[in-house]
Structures are given as structure tokens and as C-alpha cells.
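Chain lettering (A, B, C and D) follows the sequence in which the chains are written, and residue indices restart at 1 in each chain.
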Amino acid sequence: MILVTGFEPFGTHKSNPSEEIARGLDGRRFGGHDVRGVVLPVHHREAAARVEALLRAHDPDAIVHIGLAEARARLALERVAVNVMDYAIADNAGYQALGEPCVPDGPPAYFTTLPLREILAALTADGVPAYISNTAGTYLCNQTLYSTLHAVTRTGHRARVGFVHLPLSPTMVAAAGAELPSMDGPLMLRGLETVLRVVAAA
Amino acid sequence: MILVTGFEPFGTHKSNPSEEIARGLDGRRFGGHDVRGVVLPVHHREAAARVEALLRAHDPDAIVHIGLAEARARLALERVAVNVMDYAIADNAGYQALGEPCVPDGPPAYFTTLPLREILAALTADGVPAYISNTAGTYLCNQTLYSTLHAVTRTGHRARVGFVHLPLSPTMVAAAGAELPSMDGPLMLRGLETVLRVVAAA
Amino acid sequence: MILVTGFEPFGTHKSNPSEEIARGLDGRRFGGHDVRGVVLPVHHREAAARVEALLRAHDPDAIVHIGLAEARARLALERVAVNVMDYAIADNAGYQALGEPCVPDGPPAYFTTLPLREILAALTADGVPAYISNTAGTYLCNQTLYSTLHAVTRTGHRARVGFVHLPLSPTMVAAAGAELPSMDGPLMLRGLETVLRVVAAA
Amino acid sequence: MILVTGFEPFGTHKSNPSEEIARGLDGRRFGGHDVRGVVLPVHHREAAARVEALLRAHDPDAIVHIGLAEARARLALERVAVNVMDYAIADNAGYQALGEPCVPDGPPAYFTTLPLREILAALTADGVPAYISNTAGTYLCNQTLYSTLHAVTRTGHRARVGFVHLPLSPTMVAAAGAELPSMDGPLMLRGLETVLRVVAAA
């Protein structure tokens, strides 16, 4: 089974394309793997707790977290998660972490464990703009990725783990009236299908 | 009849989304107006000559030129065309204009004559990122827009005239491997359909 | 005499580098020309009225307007002024023009009349980032440039007229805490000295 | 003693502002600490070897690496170094690492150990644009930072270690003729003086 997670809306955003993509992939099947798509709360404790419960309950072969990265123009395949929470804005519980670790006494960072080069090559061949990113930021996205990698490493779990950051949706940019890059939902979905095809075959 | 024009590929680009959009709209019908979609050569003399011949032959109610603007993130509704050719790269005939006028003794500029605010409101309501742009550059796009507005003004032709700049397509950005904004073909097409609906109703 | 104008602060800006540069150049001398530096109000009527009074009173050989263009990274040598006021924010009198002309029945645009290519070559040789810009926007900067070019043209005045847009100052970007380009005051001043040297010699 | 390192030019760059800043700080004194400024080769093995030799020879209290980050607009105070070399271009020896570790079997990452928040506050108060960056890239800059942090950690050395990325210089942007942010040499130097003042007092 492949676990795919998106996030609920946060900050000033009324929607979150990662939520829609996770829902759109739920129940799909890639290379013999069922996909379970769930939506995580934008909450400094509950997001990680939710993933750990899913890890225990479903024993997934792979976990693909998806999140929103305002101002990025391409799908960002994250290479690394760092042990720091330094929120630019509060989470949906009103909590704003400023420089604390995701896991006290955890290592400084974990590398993600999906085949990034292969995924990038497949996306590029499919005409979906993507790149390998060296920072997942210091908000919930990085924290969730770090927590999952920490849990998987600590328990010796087999799941390979990765994170894909999405651009804003066209609707969000139209509403904002600002010169920001966007990616249309069907293209994002096609991109994530490609990611899952490679992950399922790896 | 509404004349829609795109451009053929130029420079290092292997394709041009404006060509595909113009072809995709050819033969369509909006509010009682037939659409004729044609592809213009990226040539310092022939693009304008081609439009003038179409103007004489088809007597259109409106002309919507479409072109490619690398690095823009949204549909750009051009407000003005200026009487200058200052090409950053040569055209497809190998000619690079450097500071010469589009029309010797022509006025410095023409305003476009489509209802830009109405079009922008319709695009925004449809969730298509767009804005009103104050420069169409100084390459073939601006020149074609200027030439058409000059021809229409000089002959007292009824056609309203405008220009929509498109972002790069996702395929182009994927191939370039650069952090550049893009817009997917179906979304561009939906945007231009909205433009034509407003133009046809005006 | 060369008239140099800057603008007072506006919007959320507490300072305006164009004001400081205009003051810094006041009383200087370039190639036999005295420089008079003045600061214009960010006011939809008074800025133009002030320049017209200075034009009558001082009979300048050249007029170099300077203004602030948030988000630009280089000195922008404006090529053209268009007959439109379309303010993104209100001026300092609380007036927000939305699509009205600078001068009713004025021509759509005027080209500026300084030797832009020569100025750009001199700046580049001096290591000052600069480019020729095709839009001065639709706020006070464009309006002032348009009004001055209109007044000079209408009266047959000899003054050559241009506009240089400045990036934000480092202090403004440091305070904003945003990833925006800036240019340091001494470098801006050196750039404008180069502009005036070329203008004085032309 | 505080060790400050810059890099020699690389790629298509004819100069490197980090070299000039390191030279400009050599021999200066901050809060009782002498500064030794050295220029490192852009070489996949020799840069790290050079720093390790300096570490043994001079027993510095702090090490501030400085490097060039094209396209950044502000001083970037790096938070973390990751154990990966993934060069976009070859180094000056013609070697292009593609996905190999800086130190085989080294940990995934090290956090830098300078007081970043204090440094950022001091820079902001001084009007120098700066921010805390979460990625030093995957070229020589990140590799040198990683290697130094690894050496210091392994040997239990007291030196605190950090990295400051510089924007392009104005001369470089003027020569490139591209819309890229820059920072003037005197402002960069003032920024690094502020960094060293805080580091010396910590």
C-alpha cells in the first residue's frame, strides 16, 4: 500500500491543492499497490501523530507526503528534512514554533528515500515541470517529513518516504491578483500519478 | 467574424503555445461570431502583411493576437503597442531590428481596443490567472499589435484589436529545467475562450 | 541647467531613495550645466503643476525625473510614457485614478528624448546595473513623465526629458524582511552621475 | 582568531565578491579577535583540505565561510549543511559531482553554530538585507560548510562555524545584462563587519 497525504488549508488560503490531490488519488492503484489518500491537519503535534497512527495501522510500502509551497513554479521533490520548526505563520491551532526542533535529540536531518532522479526523469519525459529541492522549509511540511522519516528509521520500518511540494493553483493566483506561478490541478494530478508509478515500480 | 492569430515557434523554442491555441480556436463560434484562427510567421515584414491581407479579405469584427512571453506567470492582456522594434533576438528570417520604428512616421503608440477590465474580471471569476500588462515588449508581438492597430485606425476599420501574451507551456519548462512559470494548454484554452466570450458579447 | 526631480515617500514607504538622490544632486555641476534637484509631491495634480512651473521658471536644457520602482533590480531607463493613470494604490492626497488619461485628448504616448543607448552603455561600463524599460507603470511616475513630455512638446520647449526608476534601498528591504532586490544609495548616486554626464555632453 | 574564507572565481564568473570580502577583512580586528582572511580554491577536494590545515594551524575561535549565490537578493545566513555534492556545473578542476556524499558515512547534515538570530537582528538594524537560509545548495559552498562542521565536530574543536552567501556584485549584473539582484561591495563588507562583530562578542 502507498500512503499519500495532503494538508488541509492554512493561513490565508481557502483551499489547498495538496488536499485535492490526496483525495483524488485515494483508492487508485499503481503497479499492484493500493493508494490510500488522507488529509492531515495543519497542527504542530497532530499531523505527525496522525501519520504515526497510519504507519502502525497500514504498514505502507511507501509514503508520499504532498504540501503547498507558495511561489514555487514546479513540483519540488524534496531531498532532505531538517530537525527544525521555524514557522513564518502560526499553524491552524494558533501555535507558532520559533526555532525549536521537530524531535528533541533527533539527528539534524534525514534524507528522503524515494528514487528522486528516476522520478524527475519520468516527470520531465512527461512534460511536467519538476526539480529536486534542497529545502522543504521549516513549517509543517518539513516537520511532517522529518517526523515520518524519524519514525520509520527508529522502528526500522520498510516504508520509503518522500515529499512533493506543489505550486499554488491557478484559482488561488487569480484570486490573489499577484504575479505568482501556478500549476493546474489536472497537471498536478498527472505529475503525482507519474511519481506513484515510479515509486510503485521501484 | 473574430480573427485569432498565434505565432509559429521562434528562437530556441521548438513549439509555441500561441500556435496551438489559435489552431484550437479555429472554426469555433462565440456569440454568433465565427472564429478564424491563423498562425503568423515570426518575420519582421510578413507577419504584419499577413494580418493586413486577412483584414481586407475577412473584414473581422475583432482581432485577438496571441503570443508567447517567456517568464510571465499569467495571461497578459496588453494595454498598449509602441512604435518601436528592438529585438533581443533575430526573427526567423535572421533579421534583428535594433531601435527602429514599426511604422516610420507612425504615432508613438496605440491603445488596444478590447474591453480589458471586463475581460480581466471574467478571467478572474473563472479562476484563470491574468492581468493588464503595460508593455507587449519590443519584439514581433508588439510590432504585430502596433501594425494591426495602425492599419485599423488608418482605414477606419471597425475591428476592435487586442493582444494576449501566454506563459510558457509546462512541457517547455520541463525541458528547460529552469524555475520558470508555466500554464497548461487546457487552462490557456479555457482562458482564451473566456476572452472570446467577452469580446463577442461586447 | 538640468532639472532633476525625485518624489516624496508614498504608500507604506517611510522614505524614497529618489528624494535622496535628487537632493544629493542639487547644486552639482555636469559639463557646464548646473543641476537643480527638487522633490515632487505624490499628488495626481500637483506633481505635474510643479514641473510645469519649474519648466517656465528655469528653462532647463534637460529634465531627468527619478522615481521608485519596487521589485526592479536595476536602474530602469524609461523609453515611453503612456496617457493613462491606473493607480494600484491612492496617491498622498488619497486619490486613486482608475483608468483615466493623464491629459484628456492627449496622444496615447510620448517617447522619452534622452540618449538611452548611450546612457546604458556608460552605466554598463561603470558597472552599474541598468536596462531600457518599456513601461514606467501607470502611477505617478508615468504620469509625471507623460505630463512633462506633453508640456515640452506642446510649447516646443528644447528640454530633453527622461525618467530613471530606482530599486528599493537596502534599508527598505532589510525592514521589509522580504526577498526583494535593492541598490545601495552610493551606487544609485554614482549611476545618476553617469546619467547626467552623458546628458550634459549630448 | 576568526577565520574568514572566500572562494576564487568559478564557472563563467570572472570575479567572486567573496574573495574580495575575505581579502578586505584579512588583518582586521573585532572584539579582541584577529581576522585571518583566506581564499579557497573551487576544487572538490582541495577546498576542504585547505580549511582543515588552517583549522589545525591556527586554532580559530570561529570560522565564517563566505560564498557567492547567484540570484539571491540578500545576505543568506546558512542554517544547515547537508551531506551531498550535486554540482550543477563542474568545479575549477573540471570535476562534476552528481549525488555523492561530502563525507562517506558522515551524518546527513550539520547545523551551523553561529548565533543566526542575533546576527540577523544586527544586520536588519544596520539596514543590510539578510535572512536565514535553509539551503546552502549542493555545490562547493555547502560542501565546504559540511566538511568544516564535520572536522570540528569529529575533533571536538571549539570553533563555531557559519556560512554567509552573497548576492552577485553590481558589476557582474551590469555585465550580464540580466534582471538579477545585486549588492554593492561596500554594503557587503559592512554586512560582514556586522556579522563578525556579533560573532566576536558571542
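In this section, contacts are C-beta pairs under 8 Å (C-beta built on N, C-alpha and C of every residue); 3 or more make two chains touch, one makes a residue touch a chain.
These numbers come from a predicted model, not from an experiment.
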item: Relative to chain C, chain with the most remote C-alpha centre; value: A
item: Averaged-CA centre spacing for the pair chain C and chain A, given as whole angstrom; value: 46
item: Gap in Å, rounded to a whole number, between the CA centres of chain D and chain A; value: 30
item: Separation of mean Cα positions, chain D and chain C [Å, integer]; value: 38
item: Contacts with 2+ other chains: residues of chain D; value: none
item: Topology of the chain contact graph, where touching chains are joined (line, ring, star, complete, other); value: ring
item: Full enumeration of touching chain pairs; value: A-B, A-D, B-C, C-D
item: Chain B to chain C touching residues, read off their complex; value: 79-80, 82-84, 86, 99, 107-111, 117, 132, 134-135, 137-138
item: Contacting residues of chain D [partner chain C, same complex]; value: 72-74, 123-124, 126-131, 169-171, 173-175, 177, 179-184, 186-187
